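Presented sequentially are two complexes of subunit A, the first with subunit B as partner and the second with subunit C.
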Partner chain A sequence: MKEKIKKIVEIIGLPRIIIFFFIGSLFVIAPIVGVRIDSSLNDVIVRFGMNGILVLSLIPMVKAGCGLNFGLQLGIIAGLVGAVTSIELELRGFMGFFTAIGIAIFIAVILGFLYGILLNKIKGDEMVVATYIGFSSVSFMCILWLLLPYKSPNMIWAVGGSGLRTTISLQGYWFHVLTDFLKINFGSHIVFPTGTILFFSLLSFLVWAFFKTKTGTAMAAVGSNAYYAKSCGINVNKMRMISVILSTVIAAIGIIVYQESFGFIQLYLAPLYMAFPAIAALLLGGASIKKASIKNVIIGAFLFQGILTMTPSVMNNIVQSDMSETIRIIVSNGLIVYALTRKIERER
Partner chain B sequence: MELKENYLLKMEKVSKSFYGNKVLKDINISVKYGEIVGLVGENGAGKSTLMNILFGNRIIHETGGFEGKIIFAGKEVSFNSPFDAIDAGIGMVHQEFIFIPDYTVTENILLNKEPTKYNFISEIFGDKINLLDREEMKRRTIEAIKKLDIELDPEMVVKEIPIGHKQFIEIAREIDRKSLKLLVLDEPTAVLTESEADIVIKAIKKLTAAGISIIFISHRLQEILNGCDRIFVLRDGAIQKELVPTETNPREIAEYMIGHELKKGNLKAKETRKINDTILEVNNLWVDMPGEQVNGVSFKVNKGEIFGIGGLTGQGKLGIANGIMGLYPAEGEVKFKGKPIHLNNSKYILEQGIAFVSEDRRGLGLLLDQPIFKNITFTAMQIKEKFIKSFLGGMIKFCDDQAMIKITKEYIDSLQIKCESEKQLAFELSGGNQQKLCMAKVFVLQPELIFVSEPTRGIDVGAKSLVLDTLRQYNRKYGTTIIMVSSELIELMSICERIAIVDEGQISGILPPNAQPEEFGLLMLGKKIEEKEGSVYK
Partner chain C sequence: MMKKQVSTTTMNPFVYFLINYSVPIIFAIVVAFALPLSGLSVNNVVRELMIRISRNTFLILALLIPVMAGMGMNFGIVLGAMAGEISLIFITDWHIVGISGLLLAMLISTPIAIIFGYFAGIILNRAKGREMVTGFMVSFFMNGIYQVIVLYGMGNIIPISNPDILLPRGYGIRNAINLLSIRQVLDNLIPLKVGTIPIPVATFLFIIVLCIFIVWFKKTKLGQDMRTVGQDNEVARTSGIDVEKTRVLSIVISTVLACYGQIIFLQNIGTMNTYNSHEQVGVFAIAALLVGGASVTKANITNVFIGVILFHTMFVVSPRAGKELMGQAQLGEYFRVFVSYGVIAFSLALYAWRKRVERENERRKVMDYRKSILVKN
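And now, the complex of A and B:
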């Protein structure tokens, strides 16, 4: 019996079991301190749908050996440009949503290409350099958000100002187009966002299928052993480039889904720290710097969002002060430190 | 009793096993005071292991220590670490120089043992804050240089000194130590020209006058003959012969190095096969592979032949295969089936029907964290588009796992790969089975020419013969040309039709497998000796 438990712990991983029990205990405490379980559960599901694709976007780069994409903000920027452009064009509903995605993909391919050139020149140091690419690109965009010639009165500063606002409401454009698509109501407090989950599932399937194709397996081989790949005649730089572009494109789609569910486009410094929670979620799901799978994405996004939604509500009700942000930062950054420092399992 | 006193170092019945593999057997070596003893042997004969034992290197303790006795300066010793050995008065000069390039000769020689002068701050912070005594440092450097009887400016910055002189700094660093009694020189002349090497030999002869004994390891037989008082020839972990230079010649040494019993093995009747079409023609190939530089080799390989490439480590035999396969920058003309082919493009080379079993199984040959069937089929899928299901007119190419597993099962049977299933991960297999995996990977490609590099390195004896048999059978069955690169001459002789020996990045000769072992030995040790001897093997 003891052996069996040990084995299960080994397979699932101790961190995930601890977090799982932590969230479990929060759900137990919740009704005692007056937090509704059903609405909490709903929050977890909704936030899972919002963030899942951003976590998924990390997969191609990890698989190709480019490490965790600390430069996720590049994809987010592409997504933001897509979103504001679609609003500028006064497109609404699914039309607006998909136009935003289309434009975002176009920009993400260009940004991903440039990002890929850079990452190919600094093999081995991807993660450090990517972090600063992410930070600096967000700051650079702060200038552009002011200068870009967007005219829609819903987006620019009020009373004759110019430049885009920090927060732009999607109400009346494509707010909740996915979330409300085929939504299912359970009782009064649970609304299952079928559209968002379906969209996430579709993208997950595409990524999974991609890694079953010739190009996908070649990419995984590059990540697994670049020398082997080279000796098999695979163009290592090209594969890495494709992985970076893919990651950037998926991140761009991810942020648009996030906004669609959240209801607002947040510009300027909002994307600055967006990479960390996504990476923390993936690591929490059991991925390492070199290995990640769709399973890691799903488990990780769920557990991580579970912590994020449950701790604030429960904790705040217990200690009567706002601990949520502190806990969130400790958990997400702690996880990243843990993953970066631990030895890769089973490496010989 | 008196006789014992005569010897500075005696190693008696020293044996050592690595993981049950006996690499040294009952070695007896003695070094007298002020004597230069030469140590020669092929790569893997056990020279470095022997020196590691003498120095008490960690690897020896970690792998279970050794048997036998070491008597140094009249006392039985067993050093726990190289630092103990250095304290006892043993010094080592390595093949590669390790210096701080921006420091002067003096600073490098006396690094971390500088004479110091007191100053008042030392009262507070201790000796570490003492000033360097520059005068004394210079005096000691000059003294050490004088002992070697060479010209060297003690104030010169090391990076500006020609490579030939750098070796002296390394030696001077050792002889500066007052306690030095025994100096081990591990191929000190490997990177030097002949005239530079002569100076080194002269310098170390000077040292013996001061009572320092020397163990001299080298692959250049002429140096050994010129410099040493006695020579020990090591082969397969045993001392084959103790020789005195005045009574021997390079040919005899080479013979002891390579061994006699090879001759017997070759008497085995070889079927004569008609082989005459040239399949590969290499003209003036240069390859920039670190440590295995190739400096303009030319050779022809016939269709259906098993062609061997041998030579000592670091002479460039690995560079030939790696260079043609496009893994390292290469230059020159290579014709395959009469047509010139482009170099430096692995994919193109593979598409031409040339495949490679790398010497670096774990680094380059396998996807260790992937299952067996992926390892075997991956290259064929990428290059030949086998095991692929196409959709939308070839836009989407999915891997056909079923087909992959099917062919993998066939190879697991035919090559007797020991594994739990075709889905087992590659790193869980033993060395021999990993090697079979590498070969299966290449066989799936159905190439016309296979480069096989060090196929038996790091695998046990049983697996070795299986690997060689597999290669031979494959060659006979499909008429595939095989170029086998190996450090093990005996293996090359057992399966090759012709064997080229590489020395200093060039082919020093091509011999049939039934040639005399000492002829191979001489080719391996360089042409220069041949010329001096007046014999021609070309």
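And now, the complex of A and C:
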């Protein structure tokens, strides 16, 4: 019996079990301390829609054996440029939203291509290099945000007349175009963001379908055993390259959906640490450095956002102080440390 | 692709030198351009540099020992910095002033740093081959634990009585702590001025002692063991070295040194941002070391000094240069951040690339050898 429990713990992972209990107890305590479950649940769903695609973007690279994409910020940068440009063009509604995505994809393909070349040269050390590629490109973009010749008065500093602001409001452009699309009201506290969830489902389906195609299967083969794949005549570097471009493109779309729901574009140092929550969510969903699936994305994003929304409201009511930020740091980084220290036992 | 890889081994020595030292060379060129642009006088630059060298070198030296043990750049020195900060909170609470306060802080922080270092070392042992990214994430994780201790534990479970450093709610430490009681006590312990430039003699003595310690340490049994472990884990194991223990020890020593380094750093600054002061310690120290021409597998005291001078000259001149060049000082700020991250990204990528080329060359050699045997038979 003891052996059995040990084995189950081994498979699911101790941190995950702790977190499951943590979330479970939050939901149990919530009504006792007077937090409405339905409105919390609604928050979780909205945040799930906001962040889901960013988590999804990690999948291609993990599957192709490039590890967790600590350079997610490259995709985010592409998305930011797309969003800012679409506002500069004064495009509104779905037109603005999809133009932003179009431009973002274009830039993401270029950035992903360069990123892919680099990652192919440094096989085996992707994660640590990618972290710093992400950081340095975010800080490089800080310089560009100051210098790029954007003119829209809604985006530049009022004083001085040049340089983009740190946060740009999307109100009046494409704020909530997706969230409010076909939205359904349940009672007074739940508004189901149908559009966002549909969009997420569509992208998830496309990623899933991609891995059923010939290219997708070849990519997964590269991820599970590069030497074997090579001997089967698969071009390993090309597959890795495609996966990196794909990840970057999806991340670019992801950040635009995030902004659409959030209502603001955050520039400068805001994207610096954005890779970590996404990675933590994926790991929480049961993924490892070598293995990840759409299932992991959905479970992970849901649970992770669950922690983020439930902790502040419940904690505030219990201890009268907001520990949520600290808990977020411990949970998200603890999960990543755990995944990195795990022996990759199921590696064949 | 193939051709390129072969050519790296037969590259002419000059090109090889350029690739090896590309980071310091590029950096020296950038600094050489930015220096006159900033419009700062030599006197000003030297004065500023003197302060920065004295307060940063100790932290950078703390990185050397894990490199020796083959564990790469120790992003976990942030843990040491946290230990140092915790002890500084205590001595501020107890109102212990002057040099005795500083020494007491070092004394209290030592066991804390040892515990932190031991924790980090054990985790890094479970992540062999991924030490750097893991160390980096451990430092983020510990930042959360640090917040639990300092923001929620202090004044609650851990007795803190000084209302000046406690938050108004009665527990938790304020965002900024004034370290007036130990401000520059080490720097001004032995006063000396060359021209108009004050020289912090005692701080430099600390740094020199640490340099001597590191040189001596390399020659001890433990130091030799670490180098063997750094060369090859398996060889070390067969020659009877406890690889795991040696690796943990290297991290513990590094963490303790970083803790002293952070105390020296903060006594010079004079104020402590309780929740931010340690965050960038790892990045800046590692960037400086890499600028000095070190790599993930090779770093020595010379690299530390070249690095600290080049890196901090850039730090001094870039905001001014940015202002003169583009009319925006903010630009120089961002440039500094970009360069720090960029240097690390570039050096790590360069190192990873060369490691891979070498590995493939090795494999090709083995393959050729096998082929030649097959042909003979």
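What we mean here is this: the second predicted complex is superposed on the first by the 324 of 348 C-alpha atoms of A that agree within 3 Å, B and C clash if a C-alpha of one lies under 4 Å from a C-alpha of the other, contacts with A are read in each partner's own complex, and residues count from 1 in each chain.
Assume contacts are C-beta pairs under 8 Å (C-beta built on N, C-alpha and C of every residue); 3 or more make two chains touch, one makes a residue touch a chain.
Since the structure is predicted, the reported quantities are computational estimates derived from the model, not experimental observations.
Bringing the complexes onto one copy of subunit A puts subunit B in a clash with subunit C.
Of the two partner chains placed around the shared chain by superposition, subunit B is the only one that A:212 touches, whereas subunit C remains out of contact.
Of the two partner chains, subunit C is the only one that A:334 touches; subunit B does not reach it. More subunit A residues lie in contact with C than with the other chain of the pair subunit B and subunit C. By the document's definition of touching, of the two partners only subunit B reaches A:221; subunit C does not. Using the contact criterion defined above for the overlaid structures, shared-chain residue A:232 touches subunit B, although it does not reach subunit C.
When the shared chain is aligned, subunit C comes close enough to touch A:142, but subunit B does not. Once both structures are laid onto chain A, the subunit C stretch out of 255-263, 273-281, 291-299 or 363-371 that overlaps subunit B is 363-371.
Partner subunit C is touched in their complex by these residues of subunit A: 70, 118, 121-125, 127-129, 131-133, 135-136, 139-140, 142-143, 146-147, 163, 269, 276, 321, 323, 325-327, 329-330, 333-334, 336-337, 340-343. Those residues of subunit A that touch subunit B in the shared complex are 209, 212-215, 217-218, 220-221, 224-225, 227-228, 230-235, 291, 346, 348. Residue ranges on subunit C touching subunit A, taken from their complex, read 123, 126-127, 129-130, 132-134, 136-138, 140-141, 143-145, 147-148, 151-152, 169, 326, 328, 330-331, 334-335, 337-338, 341-342, 344-345, 348-349, 351-353, 355-356. Subunit B meets subunit A in the complex at residues 325-327, 345-351, 356, 358, 360, 363-370, 374, 378-379, 381-383, 385, 388, 396-399, 427.
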